[in-house]
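Working notes for the structure below.
Letters A, B and C name the chains as they come in the text, with residue numbers starting at 1 for each one.
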Amino acid sequence: MSAREAILKKVRASLGASPEDGARREAAEHRLASPPRGIIPARGQLGDEERVVLFCKMAEKVSASVQRVERAEDVPAAVADYLRARNLPASVRMGGDPRLEAMPWARLKSLEIKNGKAGYEDEVGVSHASVGVAETGTIAMFSGPGNPTTVNFLPEHHIVVVDAKDIEGDLESVMSRVREKFGKGQMPRTLNFITGPSRSGDIEQKLLLGAHGPRALHLIVVG
Amino acid sequence: MLDTKTNSAPKVGLFVTCLVDLFRPSVGFAAVKLLEDAGCVVEVPPAQTCCGQPAYNSGDREDTRAIARNTIEAFEGYDYIVAPSGSCAGMLKKHYPLLFKGEAIEQQAVEFSNKVHELVSFLVDVIGVKSVSARHEGSVTYHDSCSGLRELRIRSQPRALLSSVEGLEIREMKEADVCCGFGGTFCVKYPDISNAIVGKKTQNIRESGADTLLAGDLGCLMNMAGKLQREGSGMKVRHVAEVLAGMDDTPPIGGGRN
Amino acid sequence: MQITSPSFKENSRGALADAQLQKALGNVRAGFIDKRLKAVEALPEFDLLRDNARAIKDHVLAHLDLYLEAYEKKVTESGGHVHWAETAEDARRIVLDICRKANARTVTKGKSMITEEIGLNDFLEAEGIRPVETDLGEYIIQLRGEHPSHIIAPAVHLNKEQVEADFRRVHKHLAEGRDLSEPESLLGEARSVLRSEYFAADVGITGANFLVAETGTSIIVTNEGNGDLTQILPRVHIVMASLEKIVPTLDDASQILRVLARSATGQDMSVYTTLSTGPRRPGDPDGPEEYHVVLLDNGRSSMLGTEFQEMLRCIRCGACMNHCPVYHAVGGHAYGWVYPGPMGAVLTPSLIGVDKAGHLPNASTFCGRCEEVCPMRIPLPKMMRHWREREFERGLNPATQRYGLGLWAFFAKRPRLYRLASSLGIPVLSLLGGGKRRFRYLPLAGGWTKYRDLPAPEGRTFMQQWRDGGASVRARVA
């Protein structure tokens, strides 16, 4: 008997269940087919503008910096401002996300844009979030050809663009979007929910920013 | 305050608790006074001993069940069963029914359990007592004993009645809701750990600046009083019922002629 | 790891006498409790979410075999591999095989209690593979050759001076005169040292907070980002998880996530919640090329259907130990194995046997604070009591305790005899109390009087006084 069979057999024996029990099977299949939504906090259930305001407030509460711009065209200048204000080199790592590529980066002559996955030496990464979550100030990043996961973790500074129209009230709405975008039961290889910059409290419970991931998280909300 | 529906005084069986019976009868008399002042008729069934927690928490289920059966029988026929202890009342109310799951006596245990209350919460929540006529000069700090607090949700009731005592000032200690380290047999099975826990507690008690420590459970009180006295503190320690009943003429717990 | 749970008492005495440890334990009390309370109070739906989280896990456990099968199917569909391990030994072997096939020399590790449970690091090292812990706390204790003393704050028993000394001892390649006096500089040094390890590693091993049956996804929740670097940089990612980590759907995971971080650290969400499904896809610029999940039983299946089944709802948030007066007093190492505090007091006897771990469920005051804060509403004191019952049935508790208890129970069951004995004994004891009304020492009560005085009885018992005319209390008051 394989370990798999042995374990499943033990589980069934302990539960006093038979694999042929149709009612149990139906209950499990039903839950997988139509996931119940559960308790959704009222906190994020707001009108469009209030939801964006809550998103910004919650993100700042977890030590992210937040900037709102009107149009996608304004993003490159906002990125350049961020770099200048912090005395960072004019060089960013950026995946090939089409939403980012459509922005007028060429106007910034001195800015170096490195495409592809992030490496050891990258100081600043720029990404586009797929969804924002207002209840906690969280961004959701779907990995894919234009969205390397390493950009989310290796650079010291992570600048993330999120469209105001993509800010949802709650976590479960992100899950619904995932099902719509990728198909039922399907996922991007990596889905990163990010809530503020990296931190650790492991030494004397003193909370410090910038553990292994980015020391700073800057959110640019478009719209 | 009387039962307006039947217009007759509620008949209360007092569960004295073994520690009050043996070590501090004053608490029992204070409880009787408070109940009678609230319009209850109080009786003390003689066939009671202990709630059974020492056996229950040592894993001795059979002896616990035997003790529980005795107690349930001893208290038949009362409107309410009241104990001056959150821990014992919690045992009677929350745990007795679990001891007889699926047995003929289970229904009886549930009916019994429905009638059980801790003294102070009974006065406030069931009878509707809003104030007591007592006087106590000085400041007190109140420790929330664990079972009363977490099993029976006793927190505001003693403070509400204490604030009606003339001359009394409440000074809250830090971490009033943290265990004192008594834990029944725990304090003698793991004396070193118990000592560390009660040491933190007495520090918070002393830092409150109050001159008297009150709580609703004699076990915890004896533990804290014993530690305070070993530390050389002059803090007076009493059961909350003594102060509420205005019966603070007896020497405090563990206190006598110095 | 060596089990020292049978010496819990000796371990505790050592812990209580350790001034460094006692100072560090102050951080547990100060660090977690208020933050949790604030986060909980800011979410009005918290208790409803707890109810739902409990219901979700209860449903999972009742259908565990079915969700395991569904989960495995989805992992396989997404190109990952599921390995089933009945025992710790099986799990270690499976991990070793994967590492050998990947020609691994260095393995990075995200924080995982289950790899502690199976003693993976020692095993890999003995096989010539170098495991590198990357969570800051885990890294520190690995340097010290210790084990975690807390399930989410593994180095909570240490002070910064101790960490500085370890870094100076191990990081010999760095300048001697560097300043390491503050946690900031210690973190910075660990960050730079570990950066090169992430890139050097051939295999990354993480645990999982959840496994999602709907999609075949593993979820890890971290704050540092080390778990992510561990799983995206090496060529091979191994997820090590026990059976009960399964949840049916993404929504179910979301519900439990809401109570997890709040209970653990008082955050609304941990910084990184990462959902991983299979290996990297065609066109992906990064991510592991192989994705393995090791599903470990190691005793869980035998907890199902018993009074300990509810323990399998545990999501390892650590709230129970953060609120435990016994944990605050002695710290995590005293418990003598992987899982400390109240959750350990229930789980450890299930995993290593109550004969070895008998002290753990006994060393509780039953104050109930653990159950009060448990996000999954696990009745921890009730289950500790179940262990005490099993011990009692098997006669495992000490003889003196049994005789004392037996003698007491003999009287407690016989009210008349009890009355008689107490009415004779108590007045004598009262007299012995003398003018001070208390004892500094009393034979057979040494456990009590070692540290505290014992208040003497007031005089005759309540029952005696009541019978002799105390029937109306007013008579006595007057």
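To be clear about the criterion, a residue touches a chain if its C-beta (ideal position, glycine included) is under 8 Å from a C-beta of that chain, and two chains touch if they have at least 3 such contacts.
No experiment lies behind these values; they were computed from the predicted model shown.
Participant: Shortest hop count from chain B to chain C along touching chains?
Facilitator: The least step count works out to 1.
Participant: What is the identifier of the chain with the smallest separation between its Cα mean and the overall Cα mean?
Facilitator: Central chain: C.
Participant: Using mean C-alpha positions as chain centres, tell me how far chain B is from chain C in Å, no decimals.
Facilitator: A distance of 32 Å separates the two centres.
Participant: Please work out the Cα centroid separation of chain A and chain B, and write it as a whole number of Å.
Facilitator: 52
Participant: Using mean C-alpha positions as chain centres, tell me how far chain A is from chain C in Å, no decimals.
Facilitator: The mean C-alpha positions of chain A and chain C differ by 29 Å.
Participant: Applying the document's contact rule, which stretches of chain B touch chain C when the two form their complex?
Facilitator: Spelled out, the residues of chain B in touch with chain C are 16, 18, 20-26, 28-29, 32-33, 36, 44, 46-50, 52, 54-61, 63, 66-67, 70, 74, 146-147, 150-151, 177-179, 181-198, 200, 222-223, 225-227, 229-230, 247, 250-251, 253-258.
Participant: Could you pull out which chain C residues touch chain A in their complex?
Facilitator: Interface residues on chain C, with respect to chain A: 24, 27-28, 30-32, 43-45, 48-49, 52, 56, 59, 61-70, 72, 74, 78, 83-86, 90, 134-137, 140, 153-156, 158-160, 163, 183-184, 186-188, 191, 194-195, 199, 213-217, 223-226, 228-229, 232-233, 243, 248-252, 254-255, 257-258, 265, 267-281, 283-287, 295, 297, 301-306.
Participant: So in the complex, the part of chain C that touches chain B is made up of which residues?
Facilitator: 9, 12-13, 16, 325-326, 328-330, 362-369, 371-372, 385, 387-393, 397, 401, 405, 408-409, 411-413, 415, 418-419, 422, 426, 433-438, 440, 445, 447-463, 465-467, 470, 473-474, 476-477
Participant: If you look only at chain A, which of its residues touch chain C in the complex?
Facilitator: My answer: residues 2-4, 6-8, 10-12, 14-17, 19, 24-25, 27-28, 31-32, 35-43, 58, 62, 95, 116-118, 120, 135-138, 143-145, 148-150, 152-154, 170-172, 175, 178-179, 185-206, 208, 210-214.
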